[in-house]
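There's a structure below that I have some questions on.
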Amino acid sequence: MLTDSLLRKFVEWTEEDAPQGDETSRVLIDEDIHARATIVAKAPGILAAADEVGRVLTALGLEIVQRKPNGSELKKGDVVMTFEGQASEILLLERTVLDVLSHCSGVASATRRLVDKAKKHNPKVRVAATRKTIPGMRFLDKEAVRVGGGDTHRLSLSHTPLIKDNHLKIGKNIEEAIARVRARSSFVNKVEVEVSNSREALRAAKAGADIIMLDNFSPEETRVVLELLRRKGLREGLQIEVSGNIDEENIGRYAILDVDAISSGKITHSPSIVDMSLEIVKSWKAST
Amino acid sequence: MLTDSLLRKFVEWTEEDAPQGDETSRVLIDEDIHARATIVAKAPGILAAADEVGRVLTALGLEIVQRKPNGSELKKGDVVMTFEGQASEILLLERTVLDVLSHCSGVASATRRLVDKAKKHNPKVRVAATRKTIPGMRFLDKEAVRVGGGDTHRLSLSHTPLIKDNHLKIGKNIEEAIARVRARSSFVNKVEVEVSNSREALRAAKAGADIIMLDNFSPEETRVVLELLRRKGLREGLQIEVSGNIDEENIGRYAILDVDAISSGKITHSPSIVDMSLEIVKSWKAST
Amino acid sequence: MLTDSLLRKFVEWTEEDAPQGDETSRVLIDEDIHARATIVAKAPGILAAADEVGRVLTALGLEIVQRKPNGSELKKGDVVMTFEGQASEILLLERTVLDVLSHCSGVASATRRLVDKAKKHNPKVRVAATRKTIPGMRFLDKEAVRVGGGDTHRLSLSHTPLIKDNHLKIGKNIEEAIARVRARSSFVNKVEVEVSNSREALRAAKAGADIIMLDNFSPEETRVVLELLRRKGLREGLQIEVSGNIDEENIGRYAILDVDAISSGKITHSPSIVDMSLEIVKSWKAST
Amino acid sequence: MLTDSLLRKFVEWTEEDAPQGDETSRVLIDEDIHARATIVAKAPGILAAADEVGRVLTALGLEIVQRKPNGSELKKGDVVMTFEGQASEILLLERTVLDVLSHCSGVASATRRLVDKAKKHNPKVRVAATRKTIPGMRFLDKEAVRVGGGDTHRLSLSHTPLIKDNHLKIGKNIEEAIARVRARSSFVNKVEVEVSNSREALRAAKAGADIIMLDNFSPEETRVVLELLRRKGLREGLQIEVSGNIDEENIGRYAILDVDAISSGKITHSPSIVDMSLEIVKSWKAST
Amino acid sequence: MLTDSLLRKFVEWTEEDAPQGDETSRVLIDEDIHARATIVAKAPGILAAADEVGRVLTALGLEIVQRKPNGSELKKGDVVMTFEGQASEILLLERTVLDVLSHCSGVASATRRLVDKAKKHNPKVRVAATRKTIPGMRFLDKEAVRVGGGDTHRLSLSHTPLIKDNHLKIGKNIEEAIARVRARSSFVNKVEVEVSNSREALRAAKAGADIIMLDNFSPEETRVVLELLRRKGLREGLQIEVSGNIDEENIGRYAILDVDAISSGKITHSPSIVDMSLEIVKSWKAST
Amino acid sequence: MLTDSLLRKFVEWTEEDAPQGDETSRVLIDEDIHARATIVAKAPGILAAADEVGRVLTALGLEIVQRKPNGSELKKGDVVMTFEGQASEILLLERTVLDVLSHCSGVASATRRLVDKAKKHNPKVRVAATRKTIPGMRFLDKEAVRVGGGDTHRLSLSHTPLIKDNHLKIGKNIEEAIARVRARSSFVNKVEVEVSNSREALRAAKAGADIIMLDNFSPEETRVVLELLRRKGLREGLQIEVSGNIDEENIGRYAILDVDAISSGKITHSPSIVDMSLEIVKSWKAST
């Protein structure tokens, strides 16, 4: 994404946090005061959005002195980034920068935990995100998933088709739906179908789905379906994704099965942040 | 906030989720199909953002059949909202609507849990939010705090001044900083000061702060400072806020003290969502 | 796409055409004059963007009296649409509405001509567009391609990966590039590779590409490559796209081959419009 | 136009082409790879939009090594522009830059062909564009007309008044309409009237129009009207524009007459692009 | 201008006045309270922007009960407008609506006073505005000038050329500048030249300017130039505008001369508002 | 406020003034001509917005050679600012820059005049602005008030609550309204109440208002209320603001009373500009 596109978002977010200026800094800090600031991790985690924040701060005229790259493993007390610039501008940006870094690092950390658990049982399985990101944060949240070692899955509804429960309720059966998507959507797209039982899974496989999402299957139910597909000669060339209430506790039981991907909404919709703070470490009067 | 302002945000969020249309619905659902949809709670919680979502859906031409108001206590399985309209438009909006409702309800529920704990010990104490909201969600997050029974605290940096650690590091001492804010910020604003020990608290109180925020004080340290202020005759007319790592576990120990407000970043920066799903319950061909 | 998203674009385009109002209508037409207008085809073609224009005009408060659907075959003189509303608003919208309809219908018509030629030789082959759309018109141009019977191909760069010449020049060879995309891009994506000779085509097929784009191959060269792939047992499960200087003259010679898709930039980057005009057919003074 | 205004448009167009990043380059090209790219003409034509693209690329941090100026006559194979920068950014911009350059050069080339034909017969006649530009491209399309040697005509509806057929249908006759525009529109504007026969032309001239547009007049009809106006002493101080289905074939027959301007919609609504491609010519790892 | 374009501006202005909601009304006024409000003139003046405000309020869902049209002569105490709707929305809009109405009516009133003075001496002379409008208010300010009986002059820099002092300083002399504008700007534009003495005025007239602006000429100097032009046979077909420090005191002395237009910056850059207030006249609980 | 936020506003304003480029400069000034420009005061006043304009011009690539700071006392003929850059860009920006500087300086000057009058009688009294700013100019207008020595009062409706006449009409009495605001608005906010007679003032004071605004009280009525409040022991800890038709004539009579703040709408809604002009002082051909 162009730095200018990221910058535009940051400027809007800063305007949200200070629609008519920073009343405290305006009063206390003269415009010619410059400062050096560090961002310090207050808890361990995987760093995300640091590359993007670095590009934006540079575009805003701040000088990055040092910065850890995306994907760094943070320990409590680690310095994430050090930068210099006009002190009042640093304080105006503080909240937005910290919120983005700590939220995205929270997404990356939650992803990494799931990935680590899953890969232990099955190095080839993918841990995928969903579209359940915080509105406005889609791009950064998906990037954080990548940083954490996850698979982004669909970036948007404009991406490859995924036939769900609600589509089928409106009137086509699985076979018709797959045929229609195949015929009307671009040949560059795969066709994915969400199913809720093994019978639907078989029908989707026979009808030529490229990917089948087993929604809310227990590990045992998943195993049974996979076996069934294999027996019918339908497993080959088909991708299997499991989804629904999979967390750090139970992900291993899915990972050991022959599934291609395990998706989780929680890593993006309810991550706990990796807490960070911004500290002014020195300040001086700039010569103009 | 004007419905048109909310609408603009929702339209942008929907464009983020489908920058070039919904590839699946485009193919599967004819434009003249209308449907009735319900939003169902899949977990208990306090409902937030439902009034705002209702206004936006109405503005988009959907018909709200039934809707629970903000603040409703949800049980698993409760129908949050039922509405009708063009089926493809409902599915295009689905993700955005669910993400907003479930995230904001998560904020309200986290707030309510803290409020309930705190009020049990002290009915007059306020549980306040911070500015640590997800970028882009400030207005809805602060509304969700209100819905949960919390105090919004400052809506933005343009609001009343709050002198923090970083401001003091840049060069003024507490007394000078308070005097300068008093002199240069509008008389309609209070002056709040963040302090990190009892000596600073006393200095801030003597220098005429309206609100003192005790940052990262233990309950015992808080008790000592309050006693000190009372003894020096400085407690009267002064508001005391405690902040820093306060959660459901320890909030009671702060609430029983004579503090005015207890603030928590976690309720907005790391809430777990209240899970909800959208179900198409019937569909029909609309006569144009 | 939400009507509000389309509306926003139309409002911007109208502001481009009249940044400070319509100087002529302001002077000549009183605000209480209403009118009925028809849009008339001045040349034959395939109608596109009429559904979208209809939704926008309705959202702007105009009343659509009659409208042909997208995909209609227009003869010179056909009435495309009739609508009523405030006369000065109709004239303010006139140019934007005509430009959108006639440009998009031009895209649909150019697409249809290629599709008709190709399908005559091979009913299963797809005629696909490229990303060479006029900046700002991507969504409507791709819709027009669909209306004309074409395949949209990738909607954007955020869509499924396509490895091109320039990517390979920067440093990976075909095999590495395919492996890297396979490993790092989501499992929901196919992998397409653009090749410029039969040797590259074979390498891409062996390395597991899902789609191979034969760039600037003559029909004879295409035939040879297809034969080679078949002989090597690589044709099965592989999609073949041909691209580069294919037009109404030569498309038949590609279509008769066993290719999956034939793409053309010209249908979106250089379509001739389907000329249309807007005629006021009556006007009256509205009672307020 | 400010570079920042152009930049904003380019950023939006790039976001249209990659709403959530470039999936291929993200995977294949490391962020520290820089490259040199050339834009090469694949067909002859007149170069337009190169100055504007150059300013935008510079503002985005790319370094222009060499660039032909607007108006250059391109031969197949000519290098239009060479620039350097981050490789992934170059590829993200590629499509937008090529689409703008090749479309605008198409407009300039179509204009130049008409201008050359017309000037051969009448060096003083102007070839003018209309408002039939692609929505969103007005500024660049009108600039391309200038580059091609054409006259922009009105930039927008907010510009000088032009009384058309539809205005007259709504209720004023020619004389009243001219008088009203004269009285109510600013004295800095001329008054132009579109007429469809010689009687209307005479009435408009007598009523004091500054410019008369002969709409869909054959060369012979045009000659007759001009003669009539001269005989009545109305030709002096009056500007005559001819419009409607004038192309490279017949423009000479209008140009030899005593007309001031010949306008053509086709040069902006249906230009064929001047095809160009972007080639990476070398790449290297940048030291940060 | 489309109502949607006006609406967008009003929504932005309301967001400026309440970036995160109306803290007072949120607390005091339940969402189901509706009210009737009147806008009352607190001083005499000419009403402007009332049509535009009426359209916007209607688009926002408020019901206009009664409204005076633009151009109405207001006496102190006159009811300008009465409307009904949700009480909290009315109060949220109050400041924006009043600021727009009272500012624009101030522009119209200042214009009318100049127009009345000028027309008394010369019914044919025009009182024109300049481009010195408050940034962001150009369209409404120019409309207010029209409402007050004035001439808008150029709406923007994209409009007809005006050669000024600074252009000439950069390097062309008057004759060259006029010739160049004539050759390179569209034939639909007039050419205006600003001059600072009679010699320049003569040169501009001889060189074929359509309009000459006498900048900072005293009435006597103006008279002399006009006489000179007449004597040289250059007055015919030429428009003369006077500009610079013309106010209600001295406008009559210019108006009696044979000038075509008198322009004034003050009517738009420094108008005194026509004071108005919004009064809630009744309120009730709406049945939903 | 971030320079990028200011820049965005300036770019929009420049687009308002030249939606499709500057027709005159385009024709007359070659792109490689650079120039030095000065902004000169044509009247005395207090300079405002110069810091902000300086930051924006720098961001646009112009070089500031010399600039007076905000708050400078200008005499006629003073050079406010000197800068260099591309000549056509300077002329494109001229009007916007002058309009912002002269309008904001008008606000600062009007404020300073009131402040000087008031402080002469009472050095501690504050002269406060209202929310009656020109739509779109809130931030710059409030900054100009500060530059003039005034108090900004509330920056927006999202700021601290102010209970007005219209709120009370809708249904709560003063006591209920104050209690409700106290309970429901954040503890970081003060509560202000507007009253129209001494009885209301007493009620508001007893009910615990932090600030009472005496609306349209004569100096004598103000004196009586203040005496009453003192006698009842309610003056202590209460802030008193007077408002309504206070101008340079009568402000002294309020200032000598024991009031905390005197507010004036006129300083922002109807300031006369401090006239300035931009002069090109030299120009040269830049080497590229």
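Per-chain numbering from 1; labels A, B, C, D, E and F assigned in written order.
Keep this in mind: contacts are C-beta pairs under 8 Å (C-beta built on N, C-alpha and C of every residue); 3 or more make two chains touch, one makes a residue touch a chain.
No experiment lies behind these values; they were computed from the predicted model shown.
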| item | value |
| --- | --- |
| Size of the rotation, in steps of 5 degrees, that lays the CA trace of chain C over chain D | 180 |
| Taking each chain's C-alpha mean as its centre, the one farthest from chain D | B |
| Mean-CA-position distance for chain F and chain D (Å) | 44 |
| Distance from the mean Cα position of chain E to that of chain A, given in whole angstrom | 51 |
| Of all residues in chain A, the ones touching two or more other chains | 16, 18-21, 23, 92, 138, 155-156, 158-160, 184, 189 |
| Touch-based graph of the chains, sorted into line, ring, star, complete or other | complete |
| In the complex with chain B, residue positions of chain D that touch it | 16, 19-20 |
| Touch list for chain B against partner chain E, complex | 1-5, 8, 51, 138-139, 142-143, 155-156, 158 |
| Residues of chain C defined as touching chain D within the complex | 9, 12-13, 16-29, 33, 35, 87, 91-92, 94-96, 98-100, 102-103, 106, 131-138, 156-164, 166-167, 169-172, 177, 180-181, 184-185, 189, 269-273, 278-280, 283 |
| Chain E contact footprint on chain D (complex, rising order) | 126, 128, 146, 151-156, 158-160, 184, 186-190, 192, 211, 237, 239, 241, 260-261 |
| Complex interface listing, chain D residues touching chain A | 7, 11, 14-15, 18-21, 23, 31, 60-61, 89, 92-93 |
